[in-house]
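Note that subunit A is present in both complexes that follow, paired respectively with subunit B and with subunit C.
Take a look at the complex of A and B:
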């Protein structure tokens, strides 16, 4: 399967009479976009804001971040199962408005979270302070249930990403990245002397605000399955996850999975990349055992010598992570784990809720409990009141001047467990 | 054939108590830590955990409601996996600092209850499959 990702670099953002890309600037027709979003009868109001790197702007509470993309050639379309039909994606050509992002905000539950500061110390912790953000501040109709509300905001984000992405359809990309991976039997035959590596990607799947979707399917109903890495680049995996801002994978993360990119980069050099297995993180222990057993079996069937495992979230997913690690190691498959830590504010406590001697190669994306002070911002998009109750905030975390003391946990993508961030934990 | 496992539902969540009174509920009058302590005591008596005690991605000390599913029948021996999961969960609750439910506005309490209910229902779907 071969996919060309045509990257159109976005270096400025403005409202304009027509949504278009011109000389690196993304122009957005505000009224047209707001009307498109309000076609959904579940939504009462939507205000589109623009937020650029360096501005004194805070966006909170952020639900999801999505990158604008459009399909130029090849089967299927972006976000299959939601925006496009469910045809397999991942081949042909896709254009990306690289450097732009759609950010959805709006209070779904009262303890929601997710801060993006476009400047100041908080900006150093989130990749979304460097993107040109089209922010959707969305209010639902009265009396809507949380599930329907989450879904409506999720769809608004995807719709907007496709609407903006279409503006790049006929633009000549600044750069074209090519991703091509042979069927795993052929890949293994081509590189007989290289270690064969699979990627086991764990997805949060537990209920309201804790869900992930693959081709529109709720992943808690999924047996682990094989997915071609290119499918991720076309939006086959969509986030419905709104808790734990620091280590949830937004849809943007899925579209830009750095583990996949690094495995591709090293394919044929020092490793042979076989493919991706996705697994879930369910609530019952039997589901966890079933999924880890099944994922291990699939990775064995691929013929892997080693596997990279990335976790999503914290707490009970630590049990899935360790089960996956132990089962793979017991089958003779070496593992490297990607996670983050909840090691207390001083970093002295045990980092994970589950451990194992087999987990002897672990990459840490940082300590989510670390405290950070965020100065007040001139503009707040969304609702600052929620920072009192967000996961990383605590009572009294908001000072009278609007400054915040929060744990890194409150910042979007701060300790992302795909390594898409700026923080890491090291032993010394 | 694999027999269906009988289960009990330990909870302090008013929504679970109200909506699932046909199940074998063990109501807990207290905070989330109280639910963890009661669950650990049942594990000591030989019940096995069916749901992971740290369900959800909300910091355990901050979530006022918790629902944990255990086997209805006690085994003659203590299940060590269950015991380890309970110890780690209790440690996590005590470490993350607690927030008394009475300091949380009613609308937000209801949101917490709705999320815990949803996570419990996803366990229930699996247990009743």
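Take a look at the complex of A and C:
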């Protein structure tokens, strides 16, 4: 399967009479976009804001971030099962507005969405301080229940990403990345002397707004399955996850999965990349055992020597992570785990809820409990009042001058467990 | 105007405090003015910025047997010097001394609200007890490493006194406290993960970014159903050996264990047995070695028919500062021997 990702670099953002990309600037027709979003009868109001890198702007509470994309050629379209029909994606050509992002905000559960600061110390911890953000501040109709609210906001984000992405359809990309991976039997035959590596990607699926979707299917109901890495680039995996901001995988992260990119980059050099297995993180022991057993079996069937395992979320999913590690290691498949830590604000507690001597190769995306001071911002998009109840915030988080003291947990993507960022934990 | 020198109090045991050897291990805390023993080297390494204004000395045995009282007494003496920092040791691989150093430093931090620092060998039991709360400079296992230890201690002491931030354990020379901190790595996590995986597959060295806590869980065997049919063996880390220590088991950091025939022996007498252990007061063990290896009472049980028999050999090593790796190896070898001999159960005794 071969996919061309045409990257159109976005280096500025403005409202304008027509939604278009011109000389690296994304112009957004505000009224047209707002009207499009309000076609959903579940939504009462929507205000589109723009937030650029370096501005003194705080966006809170953030639910999801999506990258604008469109299909130029090849089967299917972006976000199959939601925006496009469920045809398989991942081949042909897709255009990306690289450097732009759609950010959805609005109070859904209040305590589980995150903060994006466009400048200041908090900006260093989120990748979305470096993107040109089209922010949707969305209010649902009265009396809507949380699940319907989450779904409406999720769809608004995806819809906007496609609406903006279409503006790049006829633009000549600045750069074309080609992702091509042979069927795993052929890949293994081509590189007989390289270690055969699979990627086990764990997706949050605890229910109660901690969900992920694959081709529109709720991953709670998923048996682990094989997915072609290119399918991720076209939005086959969508976040419906409101769990803590720092280590949830937004749809943007899924579209730009750094483990997939790194395995691609090194394919044929020092590894042979076989493919991706996705598994879930359900809450019952029976589900955990079924999924870890099934995922391990699939990775064995691929013929892998080794696997990278990435977690999503923390606490309960630590049990899935360790179970996956132990089963793979017991099958003779070497593992590296990608996780983050909850070692307490003083860093002195045990970092994971479950541990194992088999987990001897762990990459840590940092201690999410570490405190950070965020100075006041001139502009707040969304609702600053929620910071007292946001995950990672606490009573008294917000000082009179608008500055915040929060755990890194509250910052979008701060300790991302796909290894998107540079923060790491270390023993002192 | 001359700047005020930082005031430091040094805690030492009876040996490094030049009071005496194991015969003086029972002395309660006492204070001296100025530096002495290792304090002289420390004083030189500290330079003009800080001064060792006093030294408190306590016997290791006294401290170990009266931890709470000894800590309180030591604090009383330390307080009188009005120090800015307390330093203890280095204790190297001396377990009782290391524990005392840790207790004194933690008390200084908690009660006097001043920084404290000690130094010892990584396997000193004091490390596991106190590393989370304290900076413990890593030393070798004996006083031979004194010269290397003192400048590292002095450098860290000055940083603590100046209120400077303390760097990574590898740079500063202290034992990692298990405190997790965040840093910015030079590569994103995904790239680090693939690097680590490639190294692991190739069998090349790699360092996990999140070391797992130590695991040493042994699942207990099912209980003995009928003790009257059981053969019981005696195994000790208390160092009981035939007089003269024929296998020359080391007084600390043992590298071997001994296996001794006790067929026909009813009682471990002070004439025929002694302890080789250098980490505790041997008086009581030497007066009656049954206190550590209770052969006498096992023989009683054997005569009363409550157990089938006492195994014909007992095994002994010295647990004083002995590494986990060595201990695990001794354990495995002894267990294999006992299994082959058909022993049903083991009575494990320490000191």
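Note that in this section the second predicted complex is superposed on the first by the 424 of 428 C-alpha atoms of A that agree within 3 Å, B and C clash if a C-alpha of one lies under 4 Å from a C-alpha of the other, contacts with A are read in each partner's own complex, and residues count from 1 in each chain.
To be clear about the criterion, a contact is a pair of C-beta atoms (placed from the backbone, for glycine too) under 8 Å apart; a residue touches a chain by one contact, two chains touch by 3 or more.
Treat the numbers as computed from the prediction; the structure is a model and nothing was measured.
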| item | value |
| --- | --- |
| Simultaneous placement of subunit C and subunit B on subunit A, clash or fit | fit |
| Which partner, subunit B or subunit C, touches more subunit A residues | C |
| Partner chain in contact with A:403 - subunit B first, subunit C second, else both or neither | neither |
| First (subunit B), second (subunit C), both or neither touched by A:30 | neither |
| Inter-centroid angle subunit B-subunit A-subunit C after superposition on A [Cα, multiple of 10°] | 60 |
| Partner chain(s) touched by A:284 [first = subunit B, second = subunit C, both, neither] | first |
| Which superposed partner A:313 touches (first subunit B, second subunit C, both, neither) | first |
| Subunit B versus subunit C as contact partner of A:425, first or second or both or neither | second |
| First, second, both or neither for A:350, with subunit B first and subunit C second | both |
| Minimum C-alpha separation between subunit B and subunit C after superposing on chain A, in Å | 11 |
| Contact residues of subunit A, present in both the subunit B and the subunit C interface | 350 |
| Subunit A-facing residues of subunit C, complex | 132, 168-169, 176-194, 196-198, 200-202, 206, 208-213, 215 |
| Residues of subunit A touching subunit C in the complex | 195, 197, 258-259, 261-263, 266, 270-271, 305-308, 310, 334-336, 338-339, 341, 343, 346-348, 350-352, 355-357, 359-367, 370, 408, 416-428 |
| Of all residues in subunit B, those that touch subunit A in their complex | 49-60, 62, 69, 81, 84-85, 88-89, 91-92, 95-97, 99, 103-105, 107-108, 111-112, 114-115, 118-123, 126-127 |
| Subunit A - residues contacting subunit B, complex | 109-111, 146-147, 204-210, 220, 241, 243-244, 248, 282-288, 313-319, 342, 344, 349-350, 353-354, 389, 391, 394-395, 409 |
